[in-house]
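To start, I am sharing the structure in question, which I have written as structure tokens.
Per-chain numbering from 1; labels A, B and C assigned in written order.
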Amino acid sequence: MISDLRNKLDDEIEGHGGVSGRLCVPCADLKFGPFPEDNEHLTKLSKKMVNGVEVCCGSSPNQTSAILGLVVEKKKNVSCAKAMIQGQERLQAENNSTQKSHGQVAAHLLIGPQTPVSGQAAVRNWLTVDPVAHIRGVQLRNDRIRVNNSGLYYLYSQVYFLSLYFGGNSPGATTLYHYVYRYNVIYPNGGEELLLKSVRTQCWERNKEYDDYTSFTGGVFRLNVGDEIYVKVSNISQVSQDPKATFFGMFKLG
Amino acid sequence: MISDLRNKLDDEIEGHGGVSGRLCVPCADLKFGPFPEDNEHLTKLSKKMVNGVEVCCGSSPNQTSAILGLVVEKKKNVSCAKAMIQGQERLQAENNSTQKSHGQVAAHLLIGPQTPVSGQAAVRNWLTVDPVAHIRGVQLRNDRIRVNNSGLYYLYSQVYFLSLYFGGNSPGATTLYHYVYRYNVIYPNGGEELLLKSVRTQCWERNKEYDDYTSFTGGVFRLNVGDEIYVKVSNISQVSQDPKATFFGMFKLG
Amino acid sequence: MISDLRNKLDDEIEGHGGVSGRLCVPCADLKFGPFPEDNEHLTKLSKKMVNGVEVCCGSSPNQTSAILGLVVEKKKNVSCAKAMIQGQERLQAENNSTQKSHGQVAAHLLIGPQTPVSGQAAVRNWLTVDPVAHIRGVQLRNDRIRVNNSGLYYLYSQVYFLSLYFGGNSPGATTLYHYVYRYNVIYPNGGEELLLKSVRTQCWERNKEYDDYTSFTGGVFRLNVGDEIYVKVSNISQVSQDPKATFFGMFKLG
């Protein structure tokens, strides 16, 4: 494997001129952690942007050798991390019957593209296909989470309200509302019952340019089989579609 | 049952004139879901307000027949939903011994009417009697949640701060504080220990009319038997008594 | 024990003059609960500050006797509360094998002193040594929480943003960002993946004096063994180091 890499890198060096022996790889491939001190070795390399990607380059034989070593070490780290995860998955699969009895019912859904609707409206089009989204033990149907088993659930939701004022002229202060509801035909007033409400008034001054604000709320509720849970907001056109800032989730207790 | 309903509806029709054959029922009784697309059938009916309740009316024999069918179908849905919930309750009662060992200790309390007190004060009069409130495995005593079993608990609270400025004159910006404390004689400084603190400064401008804001906070704590948990705010007179927006809850882990 | 206390109190009385029979003890030692109605007996005593501590004094023989009784009763309450906690600990130690199978993996970390860094940066120096902080089943390494077992985790964080404007001149509105990330070499783009994002824009007006704001966010995520979780903010110099208002926690489901 190391000789393979060395050949590839030799090609790379030649591709970049050969004479200068200048080796460039994406900096991300040489990162060993998220904090600056994890990557002090990168400060010695020169950086440039190639097709929107930051690449780290070594110009001396010593730096070329260092980069080569880092690439190999990083590959080893990735293999090792994957092996550790697979090992646990195998272990957990064996203990599956025990695990299942704990009933890990949970979901974390991310906002997808919305169709503008005037007035109070439900957030639609929740995404479950994303590395950080998941859903198990409940169903997503018509943008509502449907409960399969009666019991205690912790429900939470965050909404990212985002307003832009062109020319710095805001039309006055708006109050932003964010709700979590449940629906079941058995509940009074048509079946819709409010569980959580979060509120915030924007500032009144006129010379603001934008207003960003995330509203988070959550609580434990005794839900019944068939309950459908959903999120509503005062104005869907003021909601950002950043999936890491507008989300909806839950997990079952016990 | 259907013939019963038909008789009732016939009475209703006659009560409303008989001649026109105009049948009116509360629109809520014809709703099949919380979202607009669940209730497209209602857009064809005419609506009016009777004693503060929205009623949906059919004027042609076809519409009368449709309403009749919807009422019957809705009744069936309600019976079916109730049967499903009862079925689960029976099942869970049978498995009760297993369930109990998981110790589903949890509470979600809603704000009730408050007596105004000047300065920093505890939120009092938490409500447990509401379709969305509950408490199990802990005691509510003197508006404090008392822990029966030492262990890890997730505690959370939300407070809805609500200020009105008559004539648009606000007295300047106030900082709103929201705290979760525990009390036990064994802790230092008289036994009161701060667990969570949430803060927000209002805007400074003078021409605002109102300010609505919900503060949410939460965290996991290792609580001891006898610990009493409660919520304090900087000024109880600025707290809204909307029970879906000011609440206090917890659940035990493990 | 009571005679010991009586001797100590006699000394105290003599130390304060003897003639007047004036007995003073820290008020905290006479408190029987966190709310005003728990401590109505204190309203009858006179109060003064001694070396920054509020002391409650009785001047008549009756008040002296009452204080004596309260001190004894409080000592009894403390012993009783401690005995109750120890009793539970013994019980839980016996049931330890059952407890362990539930895997109470959890952490609640408090902010410690920060070194100023310009631009977006991780919150560093999380404290685990505090009566309300704790960590079990995960590791704190380089200010990141390292996951030992793949599974579902609820993650949460709060940041207290605190800005002061000298002379009431604010430099304009800033948007405050608060993030929760995970890192693992196996993830794309260098291994850093955003899980949660919380945002808030300050007001635009210029005559504000300060701005306090806590940002809370949380969610359930399927984490892999080896994942490292950490908190970032747009500007570390705007973060308060109040440990009850800036924190970072998690617990494992199931």
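The rule is simple: a contact is a pair of C-beta atoms (placed from the backbone, for glycine too) under 8 Å apart; a residue touches a chain by one contact, two chains touch by 3 or more.
No experiment lies behind these values; they were computed from the predicted model shown.
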Which chains lie in contact with each of subunit A and subunit B?
-> C
Have a look at where subunit B meets subunit C and say same if over half of the interface residue numbers show up on both copies, different if under half do.
-> different
What whole-number Å value describes the gap between the mean CA coordinates of subunit B and subunit C?
-> 29
What are the residues of subunit A that contact at least two other chains?
-> 154, 203, 205, 216, 218
Contact residues on subunit B for subunit A in the complex?
-> 27-29, 31-35, 37-38, 74, 77-78, 81-82, 84-85, 88-89, 92, 98-99, 102-104, 106-108, 131-132, 134, 154, 156, 158, 160, 203, 205, 207-214, 216, 218, 242, 244-245, 247, 249-251
Which of the residues in subunit A end up touching subunit B in this complex?
-> 101, 122, 142-144, 149-152, 154, 173, 175, 181, 183-187, 189-201, 203-205, 215-222, 224-226, 228, 230, 253-254
